[in-house]
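Chains here go by letter, A, B and C, matching the order in which they are written, and residues are numbered from 1 within each.
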Amino acid sequence: MEFGFDNGPHLKDKDHTSKIMSRLLMALTPIIIFAVYKNGLLPYLEGYTNLYGMLKPLIIILLGVLTSITVEIIYFRFILNKKDNLIEEVKRSYALFPGLFVALTLPINTPLWLVVLGSLIATLIGKLLFGGLGHNIFNPALVGCLFVIASYGALIGARGGYLNPMEIDTIAGVTPLTNLSNINYVGTWSNIVKPFGSLRDFLLGFIPGSLGETSKILILLSFIYLAVTKVIKWVVPVCYVSVVFVMTFIIGTMNNIDIFYPLFHILSGGLLFGAVFMATDPITSPTTRIGQIIFGLGLGLLTVIFRFLSPYPEGVLTSILTMNMLVVIIDKIGAKAKFKKGYLNISLIVLLICIITFSIYIGYNLKSNTNKVDDRFNIIEIREENNKVIYEVTQKGFKGLIKANITIANDKIIDVDITSQSETYWMEMENQNYINRLINKQDDLENVDVVSGATISSNALKAMVENVLADYEVRK
Amino acid sequence: MAKGIKVLSNKSMSLNDQLVECKRPEIVYIPLVNHSKMDCECLVKVGDKVLKGTVIGRRNDNIDLPIHASVSGKVIGIEEKLYCNGEGVKCVAIENDFREKSVDLRGAKKNIASYSKDDFITILKECAVTGMGGGDFPTYIKYKSELNTIIVNAAECEPYITADYMMVKLHADEILEAVDAIMEINGIDKGIIAIKESNIEMRDEFIHYLGTYPKITITMVRNVYPIGWEKLLIKEILGIEYEKLPSDKGIVVNNVSTIYAIYKALKYRRPISKRIVTVTGERLQEPKNILIRLGTSMKNVIEEFGGYIGSSKIRFIAGGPMMGTCLDTDDLVVTKNLNCVLVIDDKDEADLPCIRCGRCIAVCPANICPVLIKDKVNDFESLKYLHPEKCIECGLCSYICPSKIRIRESVREAKKEIRRH
Amino acid sequence: MKKFLKWIMDENPLFVLCLGMCPALAVTTTFENGYLMGLSVLIVLLFSNIVVSLISKVIDNHIRIPAYIMIIATFVTILEIIINTYVEPLSKTLGIYLPLIVVNCIILGRALSYASNNKVVPSIIDAFKIGLGYTFALSLIGLVRELLGNNTITIMDRISNLTGYIMKYEIFPSNSVIPNQLFLSPAGAFLTMGLLLGIINALRREDIK
């Protein structure tokens, strides 16, 4: 009788890494199907695009996956020279995930060659050069995305950015977060949420965004499934989203905005997708429970800081990459905190102080900003003739400056004469008699609806009228 | 601290109604080892005649413990045999004369509760009572301090093993009598028997005799592994945490088979010469509990009970599946601390790269971080705050790892690195 | 040719010794800037090596470093004045990195480790080895960054009033291959240098085997 030998325990749990990865893929499937439906099938059925446009989301996803698998095969065969068991090695390395996540995170109008480049960079630099599966420090998909967006962001924006063909015609040009940053981060329901629908549209996913991140309800259901089957580290998304909620709640209350403001922040942009799928990537997130809590809190703090205090409207990608860098230190704190409670207490207190300080700072800054004069508004000349005051002003619109002569008589605006503008969607505003509406309702400008299809232009006109009125009040 | 994991029990395989005894061995090999000391002094030479219970060796460092012969006969030599930790150790080989003559001992008291504490400790030392759950720790050391609680560990949390259950089925009354005596001798007023929740038959066995002993209670503990570990058991039953030893808080934990050995020592002043071993596994013809004479070679026992089945590779394990040692022959010597011999299929499991899922950290009962220790195996500076010396080698980290990495080995290496400094 | 490459790559200050990285990342936005910076370092290194190897026995051990820095500073100042007079556009492009050659680790490092212990002729050869290696490395980085980031190769632009030619070529037509502006920024510089370092060291290791 032959005797075998093994050191470890001779009974092993039935779970296996391959099962974990297949469960992750299963959780992503509804999101992929919805992405193809909303960005491909729906515009085709409504007549906004042709057959190629219908299949484009599917092509993007397949291209991303195929590129990353090909890159890994080439790398293993020619650079590492592993001739035998090539398919086994590539299977063990789970090559499809960086490419899949790159395809789901990049904007929809990315040219196809750029998707290939992004997937190549993600697999090669983000994962393989660090040592393959299990050795990378940064989330590979985010490395690829950051490279693409930093290099060719303008090119993607010129082709439409995050909007699919149907949205370009109906919503005019921006994602919810870009819109928010254009109106200086504070506003009301009508200019933050209404241009894109109701909060229910945000939840279901019929708003502009990248392929994977729009359908929040599907992401939430996937989160519950993945947390119950222990595929992801559920502590990280819970801490992350709670911190963002708390911070935006404080900022919102300081600026007298309702409860919809934190909900809007959670339901827009890549926050939920990033929190559930990118931040919880097992290799690049901390292994200790306390480390995961610190990681989640830090992520929330950084995302809010990047959303409000940096020139870019979305902060999820860069905040996840920054915290990935700190995972080694966080794990060290987590390991030390198991035996010395002091580490846990100090790190939590420091994070909480940072969270509260930054939210109050941002909230206060925004409040004082709205009291200042709009810096996109410029008065060229004020003339007085025949008991009328004529303001010659410029306001930054969607594509350039809108120049107008606004006449005020008897403390009311009687005429708005646009002398020059270069807006793309000016026809919409003329068709809806927007200017007359502004003049008729100049005492109640808050409740004038913006023109859908020309959101920024109409907001700019409204701001121009408001600024002129404000200046007139001061000068009286 | 982690709460423990429910593992497969596989215990029904070895549960049979009767305990069988194996054939009396022709030669017994008594290893000259105790606990951590692998080379105790030998007090006999070739040709000496010995009786059952003669002291043939002695551990003579700061712990003074004799080694007894388990049969009467003649010493025929000193041989090296395989011990349950996988190493070869020197054994005194005694040829059995089948007369079962014991050393003539007097001085045992009829009422075993009437010994004084000093006498109690002397008797434990004399009869070389050591931990029979696998630890082989000299029991008398545990009783040297002031105590207020005794916990009898009948949890038997490792899969496949049913030796303690068989012991309780046969000797429940003697065990209770011994516990009561220990409590009276040491001035302990709380006695608890810890039994797994699912093991209702064992509880019924005790309840049959429990009426006479009002101070002893039974607590059912959760059916998880490793609830049989001292620290986890005390935390589960009493809610107390201790730093180094349970005797710091006045608690003593003893395996239920050790209590039976104490009974034999107090009542008859005799060391035990046989023990119940669970010989089980899918590759054995007849898995069962067998009463085996100390010093028998397992090779003969397995042959006697039908041998192996199947022809593919087997794994021969001394101990349970989680903490046992895999051996490369079946010529193992039965000692006091061997509670199970397991024979199962040898499966080859390739390991995948670590995906840093953190399950090993979540599951570790000793509250350390196995995956971080694996990263820094040779880095003494980092190991200082990672505390690998707290590892009890329960094997849960390797059990739960989805990439099938042998993490426990890395922690063992880290322990060696720490000891080197 | 291969021998020459091996000679300058063997102890290449940028890819092997990892010294003088700061100017390498900052000025290499075009190919021309790269090789001109490298040539400046070569000139300063040459003269300072000569002087140091001649004087080193006379200088006391305690004031070695300040003395060498003075020597190097002298030559850098001379070079700076010459460049300011004859090739003003270049000095505007190199900006502050021209005077910073004084504290470039390569020059001080070679002075301390090689020139102070060897005679003049070996020091001259060493200066050429290190200087040409640095020039090669810098021009390589500059070439990659400019090609990918701007679609052009500039061979002679800043020194055009000296030589009389402007050699600036657009390699790919701008409307079909779009330049990648990441490589012109400092982030792209780090990326290029890191990848080139990896590739060159991988090739070196194979060569050594």
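The rule is short, and it goes like this: a contact is a pair of C-beta atoms (placed from the backbone, for glycine too) under 8 Å apart; a residue touches a chain by one contact, two chains touch by 3 or more.
Everything quoted here is computed from the prediction, not taken from an experiment.
Chemist: Most central chain by CA mean?
Modeler: A
Chemist: With chain centres set to the mean of the C-alpha atoms, which chain is at the far end from subunit B?
Modeler: For subunit B, the chain whose C-alpha mean is farthest off is C.
Chemist: So how far apart, in whole Å, are subunit A and subunit B when each is placed at the average of its C-alpha atoms?
Modeler: 59
Chemist: Just curious, how far off is subunit C from subunit B if you go by their C-alpha centres, in Å?
Modeler: 71
Chemist: Between subunit A and subunit C, what is the separation of their C-alpha centroids in Å?
Modeler: 42
Chemist: Show the residues in subunit B shared as contacts by 2 or more other chains, in ascending order.
Modeler: none
Chemist: Return the residues of subunit A touching two or more other chains; collapse runs of consecutive numbers into ranges.
Modeler: Where subunit A is concerned, no single residue meets two or more other chains.
Chemist: For subunit C, which residues count as touching subunit A in their complex?
Modeler: 178, 180-183, 185, 187, 195, 198
Chemist: Taking the touch rule as given, give the residues of subunit A at its contact with subunit B in the complex, in rising order.
Modeler: So the residues of subunit A in touch with subunit B come to 1-13, 15-17, 19-20, 92, 132-135, 230, 233, 282-283, 285-289, 292, 331-332, 334-336, 338-339.
Chemist: Which positions of subunit B touch subunit A when the two form their complex?
Modeler: 7-8, 159, 308, 311-317, 321-324, 326-330, 342, 344, 346, 349, 352-359, 361-362, 367-369, 371-372, 385-387, 395-396, 398-404, 406, 408-409
Chemist: Tell me, which parts of subunit A touch subunit C in their complex?
Modeler: 125, 129, 147, 150-152, 155
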